[in-house]
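Presented sequentially are two complexes of chain A, the first with chain B as partner and the second with chain C.
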Partner chain A sequence: MTETTHTAPAKVPRATAPPPGTAHRSSPPRGSALRRVTPWLFLAVPLALLVTFTYVPVGNMIYYSFTDWDGVSPDRNFTGLDNYEQIFTRPELFRVFFVSFYYLAASAVQIVIALYFATVLSFNLRFRNLFKGILFFPYLINGVAIGFVFLYFFQDGGTLDSVLSWFGADSDHAWLGDPVSANTSLAGVSVWRFTGLNFVLFLGAIQSIPAELYEAAQLDGATRWQQFRHIIAPSIRPVVSLSVILAISGSLAVFEIPYIMTGGATGTTTFVIQTVKLAFQFNKTGLASAAAVVLLLIILLITWIQRRLVPDEKVDLV
Partner chain B sequence: MTTPLPARRRRVAPALTYLSLILTSLVVLIPLVVVFLTSLKTSEEVADGGALSLPGDWLNFDNYVTAFNDGKMLSAFGNTAVILLFSITGTVVIGSMTAYAIDRFDFRAKKPIMALFLIATLVPGVTTQVATFQVVNSFGLFNSLWAPILLYMGTDIVSIYIFLQFIRGIPVSLDEAARLDGANSFTIYWKIILPLLKPAVATVVIIKGITVYNDFYIPFLYMPSEDLGTISTALFRFKGPFGAHWENISAGAILVIAPTLLVFLFLQRYIYNGFAQGATK
Partner chain C sequence: MGKKKTLTGALLAAAIMTVAGCSGQGAASGETAKAPADPADASGTIKVLTHRTDLVQNGTMDKYAAEFNKTYPEVKVRFEALTDYEGEVKIRMNTEDYGDVLMIPAAVAKNDYPKFFAPLGSTAELGDRYRFSDKAEVGGKVYGVSTFGTANGFLYNKAVWKKAGITDWPATPEEFVDDLKTIKSKTDSVPYYTNFKDGWPLTAWSNNIGSVTCDAKANDKLAGPVSPWKRGSELHTIDSLLHDIVEGGLSEKDPNTTNWEASKDMIARGKVATMQLGSWAITQMRAAAEKAGTDPDDIGFMPFPARKDGKYCAVLASDYQQAVNIHSDHKTAARAWVDWFTEKSGFPAKEGAVPALRSAPMPDTLEDFVDNDVNFLERSEAETGAVNAIDNAAEIGLNKPDYRQKLVDTARGAQQGSLSDFFADLDKRWNEAAGTVAP
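Entry: the complex of A and B
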């Protein structure tokens, strides 16, 4: 209340006579009254969309998770924590969490590769822009197209087998045939697809380091490694730690590539694939909601840990 | 480049650097090039030759014709274009209005509203679709182009951040001068703020455009109807009817990738900057 009154004079008062036909409200009693509603006129639509498509679903989801609703029928029974109990006790439901570890390992690989190339390409090299473009382009490609490209890549006698046979390694290995190999292959596709984004983020951070720092270091006789260790590493720490967090929550929310390529067969079902199947194929909206709530809580937990560990990275908005 | 290394290492290190770059480029390009080659082959060539064999006729575009016609790619590109147009326009208007309201006005509920937008960024869209589906369905929007359009418009908080960052750099004195000339808040937003936000608009259009063009999850869930395919879902449906016809599937994939490649080649710098800004927000 005090805020509105003391800030009003801070802004330039409205012109005494508002131009005709432009006032949002018919004859406001005072300029300040109009000023008070103006931000709400701008925020009405964004807020309505935000609430309708984020908060209402989250609320409903929590409510559904305590019921046995099938998503269609009018009646639903309150079942308490039963859905949550199922998720953690039925091994076939719980197993999907382990698939995330493949993608987690993949994101570690991805970040290391991206760091290496960002460092290398921050120096002046021939064809630098070409290499930068090649590394980044996969990130822009449509996921379904990537899925097909790699189905052909991994299929029997496909791209991978043909390339290997050049080197004399005639493998009859069915790359997507058993769970370990299939998950590793799919995680590899995810490295192929997402390394470019990390790389560009790291490169941007490295290039914002003033050139004088390198020059000074070189005058002092610092090696490349020392330059990386003492100049580059500290200045890209924030963006690396952000990437780590995105990688962790990303590896829990994998959907596209495994769904398109294997449909979740041979042990490649991820958490999201399972949730989607529960909800839309088996009509177990209640159970699927509980699964989604669990995932949401895990992601919130990870974000909270990150904020605790790296407090200076809070998003400054106000 | 002039680090005082022993002379031998100085010659070896750059060679190894280039070697690693070339190898990685091959890893990126070979899967794509092979699919491009496959798209130009006849079905006999695909069946008999190896994956790395070259097509007999480099101008054999039959597979593209098949993919385009039988794969309903024309209507898919049309639907995607409609969704792109509406959702990008909506995102720009909504994002810039929100940023304007938050940055240029002081009102009591400002902090809670900021928190509302902030917390929403933590909720990953994939998890809530189970319940979002029911909301969309209750509006009767299931199986209509409006479902993805509204979802893309309503859940894009990244663009609000980008606009907020940018709007702070626009001096408030401009608003005040206009206000003295009798302009109201809407005129100021429309005539002064929005035109000055152009660089931010460009960033949002690029990020949003590429994200929407590539999205599979939302059209897959909300528009299962054959006529409402987007490029992602239309391509996904190649899996059934074309079965093992890799020449057709490859042509479809290349049809989808080609526009992205063109946009990338022409707008490289904006794309790098855009994604760097968008991802770190």
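Entry: the complex of A and C
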């Protein structure tokens, strides 16, 4: 450490050999200016990327939301709050949020399943790593592929129907045929896809619990359920609350799976699909931008409320 | 603190510059893209944007380019095929880089054509020569030439219809539905396939506007608060027919899992009896029949079941139109390509579609129509701009699948509500939107 501080100035001749008398005034600012700039130089590339690909587009989107731009025309007129007024005065634009409840319910199921498997697989089991792999695998597949796979799965006489018929249940049900069944099926696909992610988050949190705690608990004669209730559950609370936030914002912004599988037909339109359609089918880029801004604000609001209700406490088990 | 401020300032300046850069458009001149007087005058490399990924991949387009080079040796033609043509080109229209020749995307409003495309000539010059030229006409100038046009109607498997004992084309929508019922009871085929999942085959129903009452201007008449779905109107007849087919259980069981590619094989094998499509699909279905080992001649095409004075009518609508980029550096070469492709390439005949060139004959796919004296009408596009503006403002989408998907869902009970309420709601939205859009 000391060596570097001594040798570093030596490499900058001007700083080490200042004219006598001025040494104390001129050299420290030069050195400290460079020192102050250095972190920014390191940050320049990531910041430039961040600004170019995140803040400028978001800024543009907010700007478009105050115009009547159609997405193509070189002309656009400033229309003030008109787009926002439309969003809040047209109930049909908000009705699509009901579809999110299917996904919200599915997220609850998903968290429970993930928590169950994470707990079970955190104990010593045979083929533990194989099961971990199987559970996490769906999350690695890309959403478009999943959409297509499940389209065949739900088809009339497709995989689901043939599997059911092996068990003698010859259902003649059109799985994507009516809104309730279609939304439930799609939410099911989403559970299948994202359980792995929650599972890994929970598993990581559970495995960071010191092993002595379990030993002590076992010595005290605690059952597995009691271990879960009093050791595991409290220690993974922050991760669970993170999962809940992700689940809520995820359910409000579902897009990929319903868009690929049904294109929003039969009452499966979500808010994001509706926004995309406004922008790219009806050329209402201004209105769609406003809708996107509103969605962003809603998610921020929900996150804020959630953080107020369930503040992040420091977990201290020991 | 001061550092922070300068940095924020710099970021802000960068952001503003980017915004300005995005909205800035190069100065565009209204100079006409003239055809070269001598083929040797046209030179340079031109890029053609196309939605026909299939033809670019299998080398068909390159063969056209090679043929083109025999006349215009100095021009090098390159193709850029885009799978999501509409989506990608729409975004590129904000720059100057959208090829030298491109298909006019549906997203561009008609009145904006002069801002994006070089004029190709006056209506007087081109109107007599080409069909559908009024679709791309703004202020007396034509901005695009159609690649080809199609007649709309019902593609059907003749063998299946014959097996059900039907040989004559139905003359009314009621007869059509009755025929489908006969097919359902007498054969194992699904009488009608909606192609609901892929969506766009549902949009083709709108191309029947005009065929019902034999009126080439039917589409133009929608420009205004005219309640397009009122009883007896074109759209009322067209959409009621679709509704009745689905309500009668004459279409496939689970529309959400339909598959366009698979449907070609299904109609070729006679598993499906009928589909509503443009005449361009005939060649594809016949190819599918050959592949499936069935008789390609079994694929037939019938007009919309409505007659006027004892004659069927088929409205011809234009497919994509080729235009020349106003920012192109090789407008002459680009124009040479457009002219050659429209007149000399033989592309429409090969696709079995109606050629844009008036003097060229009808394709053999429409033989049945010609033999049965079907009245061909060229759809008037005089008010298309206004109709599209109302359509978008109302968020209905005559050429988008959504409202017809909802119609199908209503018909099969997956969506609540009655047909008359559904039409009333559409009328209300249309009329309200017509009030907000400047004529």
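Assume the second predicted complex is superposed on the first by the 275 of 318 C-alpha atoms of A that agree within 3 Å, B and C clash if a C-alpha of one lies under 4 Å from a C-alpha of the other, contacts with A are read in each partner's own complex, and residues count from 1 in each chain.
The working rule: a contact is a pair of C-beta atoms (placed from the backbone, for glycine too) under 8 Å apart; a residue touches a chain by one contact, two chains touch by 3 or more.
Nothing here was measured: the structure is a model prediction, and the numbers come from that model.
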item: Contacts of A:R36 with chain B and chain C, given as first, second, both or neither; value: both
item: Chain A: partner with more touched residues, chain B or chain C; value: B
item: Which superposed partner A:Y55 touches (first chain B, second chain C, both, neither); value: both
item: Chain B versus chain C as contact partner of A:F280, first or second or both or neither; value: both
item: Touched partner set for A:F101, first chain B, second chain C, both or neither; value: neither
item: Which superposed partner A:L176 touches (first chain B, second chain C, both, neither); value: second
item: Touching partner for A:D156 - first (chain B), second (chain C), both, neither; value: second
item: Which superposed partner A:L295 touches (first chain B, second chain C, both, neither); value: first
item: Partner chain in contact with A:F78 - chain B first, chain C second, else both or neither; value: neither
item: Set intersection of chain A contacts, chain C complex versus chain B complex; value: 36, 40, 47, 52, 55-56, 60, 71, 158, 280
item: Residues of chain C that touch chain A when the two form their complex; value: 3, 7, 11, 14-15, 18-19, 22-23, 25, 86-87, 90, 93-94, 105, 107-109, 112, 115, 196-197, 199, 252-257, 392, 395, 397, 400-402, 405-406, 409, 412-415
item: Chain A - residues contacting chain C, complex; value: 36, 40, 47, 51-52, 55-56, 59-60, 63, 70-74, 76, 151, 154-156, 158, 174-179, 182, 261-267, 277-278, 280-284
item: Interfacial residue positions of chain B with respect to chain A in the complex; value: 1-5, 13, 17-18, 20-21, 24-25, 27-32, 34-35, 38, 50-52, 94-95, 97-98, 100-102, 105-108, 110-111, 113-114, 116-118, 120, 122-124, 126-135, 150-151, 153-155, 160-161, 164, 176, 179-180, 182-187, 189, 210, 213-214, 216-217, 221, 231-233, 235-236, 238, 246, 249-250, 252-253, 256-257, 260-261, 264, 268, 271-273, 275-276, 279-281
item: Partner chain B, residues of chain A touching it in the complex; value: 1, 3-4, 7, 10-12, 14-15, 17-19, 22-24, 35-36, 38-43, 45-47, 49-50, 52-58, 60-61, 64, 71, 113, 116-117, 120-121, 123-125, 129, 131-145, 148-150, 152-153, 157-159, 161-163, 165-166, 192, 197, 200-201, 204, 218, 221-224, 227, 239, 242, 246, 249, 253, 255-256, 260, 272, 275-276, 279-280, 285, 288-289, 292, 295-296, 299-300, 303, 315, 317-318
